[in-house]
Each structure stands twice: as structure tokens, then as C-alpha cells.
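The two complexes that follow have subunit A in common; it is paired with subunit B in the first and with subunit C in the second.
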Partner chain A sequence: MKLSTILATGITLSCLSVNALALTIGFAQVGSESGWRTSFSESVKAEAKKRGIDLKFSDAQQKQENQIKAVRSFIAQGVDAIIIAPVVETGWKPVLREAKRARIPVVIVDRNIQVGDDSLFVTRIASDFSEEGRKAAQWLMDTTQGNCKIVELQGTVGATAAIDRAQGFNDVIGKYPNANIVRSQTGEFTRTKGKEVMESILKAENGGKGVCALWAHNDEMALGGIQAIKEAGLKPGSDILVVSVDGVPDYFKAMADGDANATVELSPHLGGPAFDVIEKYLGGDKNIPKLISTTGDLFTQDTAAAEYQKRRLQ
Partner chain B sequence: MSQQPQSLSIVNKVDSPADEALIAARKARYSPGKSTNALGRYLWPVSALVLLLLVNLFMDASFFSISYQDGRLYGSLIDILNRSAPVALLAIGMSVVIATGGIDLSVGAVMAIAGAVCAGMLVGGNYSLFTVICAGLTVGIVAGLVNGGLVSFLGIQPIVATLLLMVAGRGVAQLINQGQIVTFQSDAFAFIGIGAFLGLPFPVWLVLITLLLSQLLLRRTALGLFIEAVGCNASASRYLGINDKGVKLFVYGLTGFCAAIAGMIATADIQGADGNNTGLWLELDAILAVVIGGAALSGGRFSLVLSVVGALIIQTLSTTIILSGLPAKFNLLIKASVVLIVLLLQSDVFRQHAQSVLKGLKGGKA
Partner chain C sequence: MSTRYLPLYVTGALLSLLFGLGAIQFDGFGSMRVVLNLFSDNAFLMITAIGMTLVIISGGIDLSVGSVIALSGVLCGLLIGEYGWHPLAAFALILPLATLFGAIMGMWIHVYKLQPFIVTLAGMFFARGLATMLSEESIAIDHPFYDAVADFGFSLPGNAWLGTSTLLLLLVLVVAVLVMHYSRFGAYVYALGGNHQSAELMGVPVAKATIGIYATSSFLAALAGIVFTFYTFSGYALTAVGTELDAIAAVVIGGTLLTGGSGFVVGTILGVLMMGVIQTYIIFDGSLSSWWTKIVIGLLLFFFIVLQKLLNRGRVQHA
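Right, the complex of A and B next:
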């Protein structure tokens, strides 16, 4: 009696899900290591809800093996498409092959991957990280007339954002003979590490005297760095300029308070474009470029207060 | 050596054989924290620390300069003390848990929960600082007691029982603040992380106070002895009348308490609670600190002071790497190599081998 009830319920449920015909999309997110990442996740979830997509969300806690497991489980569940925001660039080939064999299209968002075989994924939707680095460097060079001793807080070693932002930044300052990076260490994209590393860097650089700017690969590390600069008795924003990438609300507040100088916004609204591409692809249109690129604008202290009010309310 | 007490007691002109036995027993009595080769136990961890500091001396002598500004001491050495505080606190709790033959993998997650609770209360309501701190500590102790209950009363393997909270705890921390990094403006609470008292950063004081109180509690009462007895042989100690379940419950509670303080330091330091990153992987650093301090993971003997030295070694290493200016990609490799060397130096077997190899070399030359 019980068994038949369970069976009946099961059949009804499966019928329902077939009847609904909603897209089921698996999303393997990095984690929620920063404010930006959280708004990215929230934006994707909201967009999915708006479109009636059944989103299977997986938080990998910054570990690739968790992401690979999540992707495998998406394949086992037979989702219609998979979105991956990869933690690191390498090691994706086997699992993407499995997805291809199961005929599940994969869209890469945010960071890059290296697989050698472009047919393993539909497209990659991302900000152009090196362009962000170039924008940040150009602003700094314009502000300091190319005379600057810079300390750098790198992102997680091996992450695309860290590699490309550093590349773009270095390309620009390479043209200015009086500008150079004197210290560079990883702050692992977090506020705690950013603060700890900045503390030590300031001590190694004679208490921060002569350092003209802090260039951080994301806002969280910059915010940690700002605290370290303050505790060292210097004034962030004037004694040491602070420039970074992301555009999280807290950083706009720091800019409005005069503690930070500039940030290149990294749009967290990657969900919409990703779902567009997937719907187009599943609709039969296979003619999709392999890289869809978005780059945000550079914001400075002038508009920071207004932007902070706008973003805080979101 | 075994003849020594007897001859002594004869000199003391003991009347009855019963007294003689008593004095012999007193002589042979286990004196907590003062084992026969105490010097050997302290020698290697402390010399590893000194060696690391010497490396810095040769790299850049300004490493040792300490100045006084804004009412606090300022310098790399102070930074090391300050930055090692969370791991040192975790290591104090961890060494006691490890002494009972257990392990606590959840301390990093408990830090995140305590931090999230405090930040949530500071932002969400009008609570007094005292209430906020008490709430943070209570959460830590409760989390620890949950672990302790699972281990002692339900008999679950410590590594499994605490793994549950290690995984779930971060989820709880994120739930408390809806997955956001909550930042707060409270100078009073921030003092826990960035304040200074008598020139030293406040976290350092918290470590000293916790170390002192734990040392008094464990070494001036029989509790430390009970813990070591349970770690050596839980059933034997039960037959001796030690409440081994109670002891285990207590040590996990203590670890939770230490983790809560560490979590509040980390949260106050950046004036924000980050459920995902507060205390991430610090449980491993804490275990490493205990091991560097010379404790065996199989349980038994422990030393709180040596565990704190272990935490200092780890932090000195991290700071040295940052100061050295080496590319970031070498960080983990250097850390692992140095830890390996420290552990090898502590291994009797390795030292004996090394000695015989050296002797062999000398002999070969001669």
C-alpha cells in the first residue's frame, strides 16, 4: 500500500517536471569569498527566477575538486545546460569531455579555462581582466605623471583574474620608466590576508615611506590594505593612493570617505548574458562567438558618494 | 637510577617500610609538565624559532627594530605576535583535545560562526558590548559541547564528529548573515582585534591570559593529569575512577571557547564577518602548531606553551616569506619545506640516523 503511494507520487512528480518544460541549468559557482562573488550569485539566482529557469546552484568553497564533483552530479542529473565559474584555469578537460559526451552544453563565465579544445564549451562570458588592469594602471599613471613606486596585492596564485590583471597593469606601467612595482605578494582575494600582507610590506618598505600607490587585484584586499595603511600611521588615499578592481559597495564608501582613489567596476550581472546564450544554443543557433567580453568603467572619488547610495539600496 | 630513592630514604632515617614506600612513591610521582627530558622537549621547537628569526636578521636587520608610536609598539616582531594570536588560541584548545587522543577539525568553522554572531548582533540590534561578547563565547562553547557530546556520549570518532561541524559550521555562519560579508562600525568591539594595551596588541594579551588561565586550570589541578590519562588509555582511566566522558566533553568545550575568542579577534581585526574566509584552514595550522610543539597525535602528554611556540613558528615563517619579497608562487613550497625540517629535527630516529651518517663520513675520511 505504502509502496504504491510512493510510486504514484513519484510518477506524478516526474510528470509534473516534464510538463513544466522549464530549463534546468546547473551553476557551479566558486564560493562566496567576496562581496562581489555574492552579488554575482544573487544576480544569477534572481535572473533564473525571473525567467522561470530551475537553477541548481553549487557553492564549491573555492575548491576545484568540489566544482568538478558538482559538474559530475549535474551531468548525472541530466540538466539541460551547465554554467561554470571556474576556480582555476587548468584541469577541466576530463569533466568537460564527460559533459560533451552527455550532450550537455557548457558555458564558462567570469574566469578563463585552458582546455586546448574549444569545442568542449559553447562560449565564455567574461570581463576582459587585462583591460581592467590597463584601465587601473592608466588612471594611476595619469594621476602621478608616471612617477610611482607601487606595491601590489595579487589575487590567488594561478587565478585568471590575478594573472591577467597583473599582465594588463604591467603592460601599461612598462611604458613609464619611473613607475615600477617594488613589492608583490598574494592576498588571496580576501580582506584578512590583504591586511596581514600589507602590514608586512609596509614594514619591509621602511614604514611605507616612498611608496606611492597600492594596486590590489580586488576591492576586498584593498580594503584590508587600507586598514593596514591607517594602522601604520599613514593616510590611505593621499599618502598612498589606492586603486583596485571590482566596485563593491564597501569600496565605494571608502572612496567617498577619501580612503581609496579608484576602482574598475566588474559587472556581477553575468547571469542574463549566460542564460541568453544557453537559450539561443538550445534553440538551435550554434553560431556563437567563443568569447563574449564585458568590461566595466573606472570610478573615482568624484562619483563615489552617489554610487554608494545607489549600490547600497540594491 | 632506581636505587637512588632507597638510599636517600635510608639517609633520612625512615622508621617504617610503609613510610619508605611512600617517599619512594613521592619521588617517582609524575610531576605534570616536568618530564625527565623537559629540556629536550623545549630545545628543538625553540631553536627552530630562533633559527627562523636569525634568517630574518641576515636578510634585513630592521626586522628586529621596534618603535613606539600611537601608544603601541610597532614592528615586525610585534606583527608576528599579533598575527599568530588566532592560531595560538586554537592551538591551546587543540593541544588539550589532542592530548585526549582526539582532534577538532571544526575550530575554523566555529571561529566563523562566533564572528558572524557578533557582527550580526552589532549591526542588527542595540546590544551592549558585554552581551555581544558573551553571545560569541557562548556560541563557541555550545559548538564545542556538541562536538564533545558526539565524541564522548555517542562514541563517534573525533575526526568524523568534528568534520560534521567543520562542513556545516561555515554554512551556519553564512546563514546567520545571509551569505553577505557584514561590516560594522564599533570601536569598542574592534578593540579586540586592533586595540593595544600597555603597548602590546590586545590579541596578544588575550593569548597570554588564555594561556595562563588554562595552564593554571590544567596544571594546578588534577585535570591535566586526567586528560593525559584519558589520552593514554581511556578504559584504564575509567577503571581508576576518572570520568573519561566528562573529561572529553570538557576539552571540546574548551576548544570551542578558544575558537570563539579567535573568531572574535579575526572579525574585529577587519571589522567585518566573512563567513567563508574567517578561520579558513586554520584548524590545520592549529594541528600543525601542536605537532611542531612536539605532541603526538595519538594522545597523552601535552604542553600548552610549546603549542604556542609552534603557532609562533608558523607565523614567523609566513611573515618571513612576505618580507623576503620572493614571488608568491613559492609560498606554500617554502612553508612545507621548513615545517618538514622542523619536524625532522624533533624526530629522535632521524637525529640518530643523521648522527650515524655523520660518524660514518668522518670514519670514511679517517
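Right, the complex of A and C next:
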């Protein structure tokens, strides 16, 4: 009698815990077009495994129609929640309405979406680009005591990341009267363009004399800029400080070598926060902000060598 | 007689097998909802592929359809989203324009005796280039008409939804089957693909038929582009890249001879469903790489080409 009660309780409990753990979550990923995207996918898969979540992963091969198909299949399958990393901002209204009708919560990660109706998704989890700009600027101001002639390599014209990073950076240096941006041009987020533009900036700035820092909207452009500084006969990292955003392995190597100074990491680990939100929402707590920021930390030369080893192996 | 229908039976059998496999393995797979999703998700591809079936049966090929879908979508986005046109007015402009576009390609193919491959390749670049020039960004369409389109439909048992896109597709399908089997135009299409010269001798108006075929294909591609905007509520120049190849694959898997002269519109629908079921299976599984879709379709294509070759040889020996 006693034994059977214990057994019964045990079975009930284990059933309950299995039910509580075995969430099925569909994840509609854009594709695997970049190293950052791949580490993002791998990070979500690893996090799901750790939490015992049954993850349905779909790679849309950069096509929105594939993403929509995947989401509709997730709905037909009756998953507990859906995560979408949208390939473009537009075009999500019909499928999100379908998810809402089926009472399946949707979490948007990374890029933004345009839907008139906020209630179609639980929240968006993304890095706050202007926060990244503010962090980079704050580090630079602290390092130079607010005395700095800065040159800026902007991202692609019109890209949200470029606009918001510039704005965040400018907000901070605006508070320091002796800091200002003397040259600003787009390097289109690429290494080659970054180098080219930096070369012409250095020429225009009297060979780079008097320039105190290079602020690049991403690591790739910064790496191109470093190359240009070297070729102009200056020492990047000391003659001209270099600060940027992303945290790619090559940039950590440049920091370890003393050629670059700081970067704000764009975290690919969006799975953890997304699952946290979903668990909270399914647990009955509907009080969730519409934007959750996952801005990464700022890394400097101090930890660069160790971080490079860690990241190279990933 | 039976060899003519054999590829159709094979596709049908493989389709049922794969669907059955999915239904046994996954909860919710063998449902009305999934079946209707297959139609509504792939409605634009099916409409395009119906046009492609006509072209291929006539012995040609149309590589421009994917770009025409994108161009039609971008025009919808611009006219409705930016200039505030009523969607019906926009459609009334886009569909005739696309038909004209196809007719011009057909004319070139006929008058200058050019390879359809190269003419429609030019059409493909032209339409994609134009679409991208008109707008590099995806344009959102927010119009009450679109909301009405999205809400229109019939609820079926099993949480299934028979929506506008599927209904449009079914209409196109019925018309296409009727035209192909009960009209003079349909007979011309088969005759052209069978043997171009004897078709001419038999009195088929080759010029009219060729122009009509490519005009139809472009018209259906533009219609598919409109259906695609119902799907995404936006127009984007980079949609449907490579859709022409998906359509060709569906046509071949559906049992149409690539050399022309033989094939069925219904087979093409089965071909698209096949591709859709593979994709759905992979999404339901959730751990297989999505690239398996392409691998399996590649293998299927290969299998069907060999099958066609064998059947053709058999036919020649019988004759």
C-alpha cells in the first residue's frame, strides 16, 4: 500500500516534471550566411539541449517564404512557442495572426519586424545598437579624459545598426567639450572599404597627426582601418586608439597584438534570454517588455589574448 | 497508353508514401491543416508551375518566371503601399503588362527562331533588374483589401483554412486542365511539343500559339506574384530567386517530358506537393538540415529523368 503510493506519487511527479521540461519550441532561423549567424544557431541549439527543450530548428536559406512555411508548420504541429529571427522586416502580419489565433506565443530575435499590432508577438530580443555606441564612447572618453579628435568609419548608409550606433556614440561624446568627430565616412561594414576610406581620411588629416582615435561601427572596418594606419607609418593602438563593435576572433587577435584597443561584443547568445521569456510567459507571467536588450560587454586588451584563444576554438 | 500515365502514378504513390510516413511519425502531420497548408504555402509556386507546364509541354522553357513574380510583387508594393492605389486597380495594370512581357518574349522566340532558354534568360535578368531598381527595400502593403483577403475563406474541420490563395489556385488549375484537354489552344501546345515541323504542316498557327504560351506563363507568374503579396503583405525585389528552377523541377517530377509533347497539369501539382511534403517533413522533424530538401529533390529529379528515358525507349520500340 505504502510502496504503491510512493510509486504512484513518484510516477505522477516524474510525469509532471517531464511535462514541465519537455517544451517544444520552433525556431525559424534566417540561414547560415555568416560566422556570427552560425554561432547564433549553435548557441540556441546548445541552450535548448541544456534545458531539455525539444527544439525544432529550421534554416530558411535566406528566404522569407521558407521562414513563413516553417512557422506555419510549427503552428500545425502545435508547438508551445515559436522563435523567429526574421530575414526582412516586412511581411509578418498574416503568419503572426495565424499564430495568435492558435494561441502560440512568438518571440522575435535579432532583426526587427514591422507589424502595426504589438500584440502579435510577446517581445523582441536584440542588442541595443545605441547602447553599443554609448559603451564604446564611454570607454574612449574614460581612456582619454575626454580629450580626443576622433575619426569615424560608419556602417552602410541607412542601416539601423549604423544609425543607432552613431547616435549612441554621439550622445556620450556630446557631454565632453574637448572630444569631437573630425571626419566621418561610410566604410559599408567591410574590411576593404574600411581600409580605403581610412587611407583617404589619414591623407586629409595631415597624415593622421593629431588624430587620437578611430571609431568604427564594426570590427571588419576597424581591421581595414588598422591596416591603413600601419601603412601610413603610425602605430594603431597607441598613436591612434581603435574602438569598435562586434567581437569577431580576428579583432581579438588584433587587440592581443596591441593593434586595437576595445570592442563591444554583439552577443550571438540570444537563445538563453529567448527561452527565459518563453518560460516566463507560459508560466502565466504576461508582463513582459516589448524589447529586451542583450547588449554585450566591452572587451579590452587586458583579456584579449585569453578571449582570442577561447573564440578561435569555438 | 499506360506508360503515358506511369510517371503520374509513381509521383502519386511516392507522395502518399512520404505523407503516410510523416503522419505515422509526427503528431499533427496527418491533418487537414497540414494538407491545406501545403496548398496555401505553395499556391504561388503551383500557379507558376502550371504556366511552366504549358511551356515545357510545348517544348520550350521559361526562366523569367521567378523574376516576374518579384517584379509583380514590387509593383504591387509601390502602387498600393507607396502611391495609395486600390489593389484591384494595381492588379488590373500589372497583369496585362506581364502578359505583354511574355508575349514579347514569345514573339522573339518565334520570329527570330531564338532559343527559349536564352530569350527568357534575358527576360529573367531584365525583370529582376527592373524590380531591384524600382525598390531595393521590401515595401510593406497595408490596405484594408489585403486584410479582407487574408480573412476571406472557409473554415474546414481540423483547424484547416481554405483561403483566398488556395481558391485562386484551384480556379487556375481547373481552367488550365480544361484549356489543355478541351480547347484548340491546348491541342496546339501538345502538337508544338511533339514535333514542331509536323505541327506547322498540320496547320497549327505556330506564331499565335508560341506567343500565347509565353504570354500565359508570364501572366500566371504575375498572378503568382500577387498571391505572394497576399502571403507576405509586402513586395520585395529579392523574393522568388530560383523559383523558376523549383517550377521546372515540379513539372518534371510531375511527369511532364522535358523534351515536350507529353505531360499533365495535375502532375505538376503533385510535383509541387511532393516538394512541399519533403519540406514539411524536415520542419516537423526539426533536427534535419533544411538542405536535405534540395538533396532529395535532386535525387527525385534524377530518378524521373531516367524513368522518362526508359519509357521513351519503350515507346519507340513498340512503334
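Keep in mind that, in the parts below, the second predicted complex is superposed on the first by the 172 of 314 C-alpha atoms of A that agree within 3 Å, B and C clash if a C-alpha of one lies under 4 Å from a C-alpha of the other, contacts with A are read in each partner's own complex, and residues count from 1 in each chain.
Throughout what follows, a contact is a pair of C-beta atoms (placed from the backbone, for glycine too) under 8 Å apart; a residue touches a chain by one contact, two chains touch by 3 or more.
Quantities reported herein were computed from a predicted structural model and do not represent experimental measurements.
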item	value
Touched partner set for A:E196, first subunit B, second subunit C, both or neither	first
First (subunit B), second (subunit C), both or neither touched by A:Q301	neither
Which superposed partner A:Q138 touches (first subunit B, second subunit C, both, neither)	neither
First, second, both or neither for A:Q61, with subunit B first and subunit C second	both
First (subunit B), second (subunit C), both or neither touched by A:N112	neither
Touched partner set for A:S73, first subunit B, second subunit C, both or neither	second
Common interface residues of subunit A - those touching subunit B in one complex and subunit C in the other	61
Subunit B residues within the subunit A interface of the complex	60, 62, 69-70, 74-76, 79, 83, 170, 174, 179-181, 183, 194, 266, 269-272, 274-278, 318-319, 322-323, 325, 327-329, 331
Residue ranges of subunit C in contact with subunit A within the complex	26-29, 31, 33-34, 37, 41, 44, 138-140, 142, 150, 159, 228, 230-234, 236, 239-241, 279-280, 282-287, 289-291
Sites on subunit A touched by subunit B in the complex	31-35, 38, 41, 61-62, 154, 157-158, 183-186, 190-192, 195-197, 199-201, 203-204, 206, 220, 223-224, 227, 231-233, 250
Residues on subunit A engaged by subunit C in the complex (per definition of touch)	26, 54-61, 63-66, 68-70, 72-74, 76-78, 88-94, 97, 102, 114, 116
